[in-house]
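In the two complexes below, chain A is the common chain; its partner is chain B in one and chain C in the other.
For the complex of A and B:
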């Protein structure tokens, strides 16, 4: 019996084996799920409905965790490509179209590399340090309003939450530096502690003026306060505050010119020297998620968040309700793709006689899909508020991400004493001055 | 240490079967031998709050295999000890076992960034031993290619300097310009890096069309391209602030430490071998010996940039005044100079490259001493570094521009 099973098994192809393993597992998972839903479904829904805030938080946290990885991929690719073009190089151009998949391959690489723990490290702290850093940066994403109605949690202390969670990352860096049993790591960890603690103060003080103006710490309220044209943006009410915030946020995220914690020409890789594999990957992702977060927060606080920079000059209302078409919708869904593909394929087939018909069909299909995507996106942009909001938010945010990449391509690194002197001698007095002027103006003029 | 006994297995901190009850990680004393000198004993005694940090020999910014042991208190460097010899190949001894033509091939890779100057000094020394008259065209070609090599080396200096301070872009822009010169020289010498072009009595092969057309194209845009590249650094507040007042060497110290080249001229001493002890056709050429008074890293950087401009001036004059004629003197294949000794020095991008050769009448040099400026310049690090920060170690070392091939010989 066993021998017969073994013979049959050895004759199966890889796909066959996958099906034979996968299908039983799937069934074993689905049957209890279906049973649970049919037996206790009503109770579960009731319990979830009763605890809606918790459910909402869990869903938002999961979404934010899932979102952080592709965001990091996009920014990593952007950094590779933009800096390459600034250096008059080509940059990644092999994996995927224009090398866009290279950062995905980077992600896979850190997954499959050996996760090495050197002798002498404090292995508990060493293991938890990347987790703390990564969580600190990802959890900050929770309060950022991406679009109207699209945010993790609308805390009324959103800004405070952000600073509190952002300050947590320094604990992770310090843990990594201390536990690595390496002097470069130690220097990097202590540098990051000194740097982040110093720059927290001007960072927080620079937005106090803004909080006084807005009368709230909720990021949603701050965005709503700036709705209208770009002249309503806070950057025009708080120019000094915006500048201080931008500089301090750069230091907070350890980006060039303040990347002393991982200064590769001085202390090799700083706190990450002894890390490899996915633990290094967490540091790596956290760094790029941080870039996204500080760009997003700068946009939210000072550049209008998801509001459009100008009013749409001509009012467009595409009031198409797909449900009203009835059976016509089904027919359209069945017929339009075929006709569209054929119509778009025809010119290629006619113009180039050497091209086989199926190639023309494939080209036509791809073109049709692109057209549909553009049409649907355009329709969504016009008629759905949150799509338009998301578009403007991401456009502005990636503008700032580009600025950070640009700075990395241009500027050398500052020295540690210059860094500290700049924070305490210039940024702190300037942010206090900003606060004082804002407060005085509110008292004299009114809000 | 108590271990569950498994024959053949090594105790490791990762092994769950092993319990470590003594402090792990303290593997051996530093240094692993009793101190040999008083200085070593003093250096390896740690004071309160001090620690050692080892930079190199595998480190991103030590320009090769230099190892520096830093004694630091916080971020501040208290003392440092450069450890040399990781690239020692015994070139001087090798030269004694090669004939005069072959010896040049050994000296060439010592200075892998500006290798023409490491050929030039021995070639002049051998010519003095043999009493050969070098054709004037060959002299002009030597000056022309030498100055091109100097420009190339200084451009690389800018890139390394910026890279050590954390700037990514200048080195890649510099490589583009360097590559134009490298391709140009490869067209006439056949090599991209170790040219091996100067021969006893002249040069190996006349300038060709490929070289001249590339040179013409480069000369037409060299100055503007260079200024654009330098604007990225010269007008950068962060760069200038980090370099100004860092690693100051005054002229007396510089002379006492036998510095030469740009590092000496940046302290205000107008010493240039091309003017002080003229060789080749330099007396006929018009150029300035640029000096700066400050003696800090910024002065060394700016001085090298001025030298590039002077070099372009010299190249321009060479192209205008180059005579026709042979490029190498007629010499027998096997050279047997009369017994005697000869010394020759040339001014390279890092300072004074010199060779002292002794002949005993055979076809091999009896003794060949090679003086390399990188070795001498590097000693200054020990003087200027204490009191500065760890990050400045890289900046100071980069500004002295050592090449480890020449330091370790």
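For the complex of A and C:
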């Protein structure tokens, strides 16, 4: 009996296995869920309403965790496509429109690859190393203010929390390097420890000038302090601090031109040499989440966060309130789609005599839906301040992500002695200078 | 105080997310033990030579020492920066002295050639 099951199992394709496992699990979860909701629905709602902060936090934490996946996919795609265009290549263009789905395929590929543990490794530490590295990057997402009212947790020590969590990644990289029992891994791990530790000092010191000006470490407060036009952004008050922060953050995230820890022409893949499959995947997942986070933090600290770059009269709160239309709204919902579809379909049907009427209607329907999406997005942008905030935040952040990709496409890798000398001999004195100049300015101005 | 529990909860959620994904990968992927060479550490195609925990230069250790000194300094500077508007000139001068002493140490390390990578 078991042999028969085993044989059938080994013949199944991947999709077959997924269905085989997934459907029973789904049924087993759904039946109790429906039962519980029908029996205790009212009580559950009461309990949830009584613990609103906890519920809010649980939703935010889940959203942040799940958000990291598409973020990494988008950045991987940007990296492939943008660098290809900079190299006068085409880049991905087969999977999905303009190759946009290729990074999803990459993710699935890593998921189904063999996750091999070499015989010599310390398997506990070997397994936990990618977990620590991933946590060190994704936990920083908790304090980043995406939009007004849209953040994981508003800690009053947000900035300190960010640096404390970011520092954890050294531990993970050292764990990976040490537990692999491989010379390349060990060298890569030690290199990254020396590099990350050296750049941590200028990174933390470069924002002290900002804290002096703001008088707080809460990221939400720092964003509010920069509201107004783009002239109120901190980059104009702390230009040197912003520059040092950007350089040191690049080195912290092991990005080109400071990617010595995974210099593939020198030490194979550095600390990740012995890794394969999903555990390898999490190292790179963490790297791309890191790119997003340092871009997001640069935007939050120095480029106004979610505030608009110009002092536009947006958002106009509830420019059109759908509720005020009353019964008219219902009638509009029934009539407008039909009329809209027909109006948009008519030109195609008139102009192309060979086109059957149903094809014209399908085209009209699709066009009408696109119009509605644009209209709803525009309405939300104008009348909901968190939509506008999220738009500006993501636009600025992806601008910086593009800069990182651009740097990877242009700059050569620095030498390790130059790298260390730059951190200790240039960035550290410069950040101290920035600190004291800011403090002296505050003393002279007297407020 | 509750903020600590939020952070701990989020860390727990993150760890479970990673292990769920690794578990799913373990279910979906094929595995085989291979021969003895498959499990050896990668060394550009030859069998491992010597101890894999080889000794590396001491320079890594000195950077770590410098880091500890300056990182603790940073903790003090952060607190100082938060309440700077109450201290003003007195705070400015005392921080100048504090950082000056640390910079003396950095100058000593610089003079000794520690900051030059060998």
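Basically, the second predicted complex is superposed on the first by the 377 of 447 C-alpha atoms of A that agree within 3 Å, B and C clash if a C-alpha of one lies under 4 Å from a C-alpha of the other, contacts with A are read in each partner's own complex, and residues count from 1 in each chain.
Keep in mind that, in the parts below, a contact is a pair of C-beta atoms (placed from the backbone, for glycine too) under 8 Å apart; a residue touches a chain by one contact, two chains touch by 3 or more.
Note that the structure is a prediction, hence the values are computed from the model and not measured.
Shared-chain residue A:411: touches chain B; no touch with chain C.
Of the two partners, chain B and chain C, it is C that touches more residues of chain A. In the superposition on chain A, contact of A:74 is made with neither chain B nor chain C. In the superposition on chain A, contact of A:435 is made with chain C only, not with chain B. Contact with neither chain B nor chain C is seen for A:355 once the two complexes are overlaid on the shared chain. Of the two partner chains placed by superposition, only chain C is touched by A:198; chain B is not.
In the superposition on chain A, A:342 makes contact with neither chain B nor chain C. Using the contact criterion defined above for the overlaid structures, shared-chain residue A:131 touches chain C, although it does not reach chain B. In the overlay built on the shared chain, the residue A:95 is in contact with neither chain B nor chain C. In the superposition on chain A, contact of A:83 is made with chain B only, not with chain C.
Across the superposed pair, chain B and chain C both touch chain A at residues 119-120, 181, 183-184, 187, 268, 416-417. Remark: chain B residues 12-14, 24-25, 51-54, 59-61, 75, 162-169, 172-173, 176, 232-233, 236, 238-239, 241-242, 389-394 touch chain A in the complex.
Across the interface of their complex, chain B is touched by residues 83, 86-89, 117, 119-120, 123, 181, 183-184, 187, 191, 256-257, 259-260, 263-268, 408-418 of chain A.
Interface residues of chain A, counted against chain C in their complex, comprise 14, 17-18, 21, 53, 57, 61-62, 64-65, 110-116, 118-120, 127, 130-131, 134-135, 138-139, 142, 152-153, 155, 160-161, 178, 180-187, 190, 193-194, 197-198, 200-201, 204-205, 208, 211-212, 215-217, 268, 273-274, 277-279, 281-282, 416-417, 420-421, 424-425, 428, 432, 435-436, 439-440, 442-443, 446-447. Across the interface of their complex, chain A is touched by residues 2-3, 6-7, 9-11, 13-15, 17-19, 21-22, 24-32, 36, 38-44, 52-54, 56, 59-60, 63-64, 66-67, 70-71, 74, 77-78, 81-82, 84-85, 88-89, 92, 95-96, 99, 103, 106, 110, 115-117 of chain C.
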